[in-house]
């Protein structure tokens, strides 16, 4: 049993870590930390809103028993020497300092963007670019660390890259145009998106999001060579919007492939990927990494959210894109709080553990 | 033209004041103020969210021209000597200090609860208990002020008392049981209710709200005698909830009257009140103070919001309440941002102005 | 293994039956039926909207495997001689005819109101008035049937009576005033509530609902004596509304008890009921029949829905009601599609099976 | 004063016609018609739901006085000889027959797709392709009609073409990729989109919509030459989705222009169009045909809906599209019930009236 800690445990992402690690067969949560104002409280008290008294707990069910009596520490009170691994769910500016501090001693798996764009840091999606994990060794050497920082991508990048990878590898991809319809849970919870702003509305702008998607997509699809990642030669454009959906990002994708790829080819390719999935059977992995629907009314956030425990990427509306010489258009659904965030980070930890890197 | 100021001008209530005073025939806004961090900015810049860049402006239409170039002052920079009247939309703890400071010199009309429960302070609903305004003179004497503080009730009290008053006066009322379904705009905007908390949900608790309704209802329906208000002898119980409705509070009311009052009696009584309304023809007053529907599907927030410019109180589902010896049950709709807040405060100012009190 | 059929299997309630009976340890679905236009189709095709192509399946997850290849029959094609029990989810006028036809031969458990108000028909809530099941024997004799009709109450009655029963039994109850905030799923799905009518809105009226609650509450709390049920001597008034919540009814309750009952007394009483629950351990029963929260922000539909598989009734905001000599006020949550409908019907079948009545 | 009729007056679009023609300075509604089951009823009774008793009236305000006592006719009872113009809001299959019947005698302006794709029928957007109105003369000759059918485009096409036209004309356009987020009101009201299907959800498919957008865009941007329209040489691809927004379509657009066009060029071009608008000053025309925002958080449906009485097209997020040699990306908002439907049809009538065609 590996001993793991969670920093940023009271926020939206931290709560998902708490759920994702409940009864985990390989990892045991032994330390949890958040900001000073939470320190010293039990976990339930730390997540209660002082003004409204609302327990700021994720939708659905109860706080797991294992954290009910755990005391939240300040970050300074975390003892890395008693941990095998730290999950960082810190959303603030402080993420970089915190992750740096702990990576000196132990592996840090992070959902923040603090380290994503460093040359010796891979952005990892388990099942997609596992081979980039080799860069972690370079990182340790470069920095003289005993641990490392391994970040996930932005949750909007996750679904896009997962659906592009099989096509990119087999048919090539030159251009991608994407419009996202992102869930409000992606904006966190304190304060998150105000109900006044998003009910019966669309917010057509998410600061910095589009640039993240562009850069991260090219990096994740890139090649690791001589200790660095050469970004994929693919042009990505996107518009990111916020819609009144609680959980799960939907993306409308148009892709120009290098060689011809029919919708049937694409479906077959996803099926092959399902069969050969590198994360198959891992505790947090879904039964099907991809589900492709012929039903034109799928994917729908409310219908896909629970599929594969939120770890399946759902694809629908797969059609030939006549605008390009070769191309496809499709819709995808990816659960921003599960595969795109904490539970995806746990799956990443599982992958690194199986590779012996943790 | 009376010169008026607004403090707390950037918040949700402050914005409603800005709209309610646009092109007002009697009042001209000459000074606006908010917290230190807004001071010195133009009004539009002061209401822009620094992180998301969202202009935190009320739904619908544009910021009125007259404030587009006005500079927001700090509260300390307000010059009462150049004002005839101050509207206070301060929602924070600071309300009491601010209102006290200015009431020494000028009339202050407030949407906050800071002064509501003082014995020499009436809680005024224009058109309902105008005679309580006489207490303002007592207040001035008591405190040695040149001005006064005249607060509105809580927005949930407003609709309840407006619908009770005619019944209470004519038939008496012994017990009132009410359940509210309150709009999210009632919780303000920064941060207000998180979308994560209220979409597809009900929050069954609004801190302190129920007690406010109980106390304020008795005070407003009370009698002013010998310089003080004797609370009405009526027992009020309520449960206040938050629902995913943007604007406008709905309340389900059960009332035990002292003498028999049929639904037809009640309707006739409201009609008489409409005809004799003391605020009839005022700039902010609606054509009909009350609208009573026979259609059982009314009131509905989305259908009533615009009626009478948000200043009409809508009643429906009026039926005999068999549970009591004499009684009625009904549903009411009252616009929390209009009659229940800033625009109601402007109507109050109009009433006091016409009475020569301002 | 008892062989069971479902009529009305394509509607909203029918779909809940399909889910509730998936992998059931005691009951096996062997026949399913719906209207003529569905007959002959596989189940998935029968629930697909012909115009929009949307699969009209309940939110969440997939159609269970066991019905994927079952052929929907017309009602005439149902063979009662091959069934031990029929679940009726028929929502239309046809319910009475259909239930009558089959009750001649086999037990029929119904979610419709067709038979609820007949003197020899009990309205049963498993765990609440199990002793009324004895009336089914009278019914069979009266009508010369081999089977019987056993209806559930209206889903809004369910939560109210479940929370009243322990109080009524121990402390007496004279008056109940309730306002409901009902989920849109309660209105079914074809066409159900139009999104245009309910988003950002409240509909203050549900035809016939309030009268159902009044009559059913008195009947279920009544005493079975000499082959008939004497309604409870309790006066019930309510206002029923529809709110933009997907699943689960919330009710605000004010109750005048006969003898004094503090909130603590009430909580203790519910705990005792939990321990002695007559349905404890049944396949569809929740671990806790009641959950009572001290947290004033509970119950909330999004947080309670999954608790106890939708079969737990959640109570919160329990306070003394000062308006009455003795009384309480509280909020309750009851899942209208689970305990209040099909899954509740399955729990009823389990109870009757254990009693040897099926 | 021209005498006008409305067929399909009880549906969602018909109701918008009723509002759009209230107090119109040029047109007087003298005859209204709907299906047989509405015939003979007053307008308010004809739009009441027989089951729920809900008045199926558009959100906001009241039914205009002028129709309150008008009797709805059957289509057969419409007397064309007493009309100058007929508005057709028929949404069903019957549209073609009905429009054909009346076009023999009088001009018919239609929101249906029945005639859109005929070679001698222009698809008209007033202010965009007014010169195509000349084709109506050809149509009359071809068919030997005294009247004609003049259809609007699909409401999703409307916003796209309005924003493309100035760019297309000045800079050329080769490829357009668009993802729409369409309001639920676009699906009509009886039954329209079920609340169960769209709350907290996205439906990624609207039958036939994408093909309509593709064909109509090319036709409207085409050239009228020798009595027929040559479609524009532009390749259009789109994905159309339904989102939980009540009114107003939002579209995310990526366009490859023929020559270089910077965001500043685009803004200037829209301003010029505003100044030279052919519909300027018409009763239903907005003050600004286009509004372009620099604020990246615009357009937002709740903030744009009321702008220009729903007749302004709002553009935001205008940026250079690096994916193409020359190109732009932007978001647009167009009110599907106003400019995209009945009120747009009224504006079209105004344009044709001013040209002397009606």
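Note that the chains are named A, B, C and D in the order they appear, and that numbering of residues resets to 1 at the start of each chain.
Keep in mind that, in the parts below, a residue touches a chain if its C-beta (ideal position, glycine included) is under 8 Å from a C-beta of that chain, and two chains touch if they have at least 3 such contacts.
Every value quoted in this text rests on a predicted model; they were computed, and no experiment measured them.
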item	value
Chain of greatest Cα-centre distance to chain D	C
Interface composition of copies chain A and chain B: same or different, split at half	same
Interchain centroid distance [CA atoms averaged], chain A/chain D, Å	41
Centre-to-centre distance between chain D and chain C (centres being mean Cα positions), rounded to whole Å	46
Set of chain B residues in contact with two or more other chains	52-54, 59, 199-200, 203, 205, 244, 246, 296-297, 302-303
Arrangement of touching chains [line / ring / star / complete / other]	complete
Residue ranges of chain D in contact with chain A within the complex	175, 177, 179, 181, 200-205, 235-237, 239, 241, 243-246, 250, 252, 254, 296-303, 316-317, 321-323, 329, 331
In the complex with chain C, residue positions of chain A that touch it	52-55, 57, 59-62, 199-200, 295-298, 302-303, 305-307
In the complex, chain B residues that touch chain A	12, 51-54, 59, 184-185, 189-200, 203, 205, 207, 244, 246
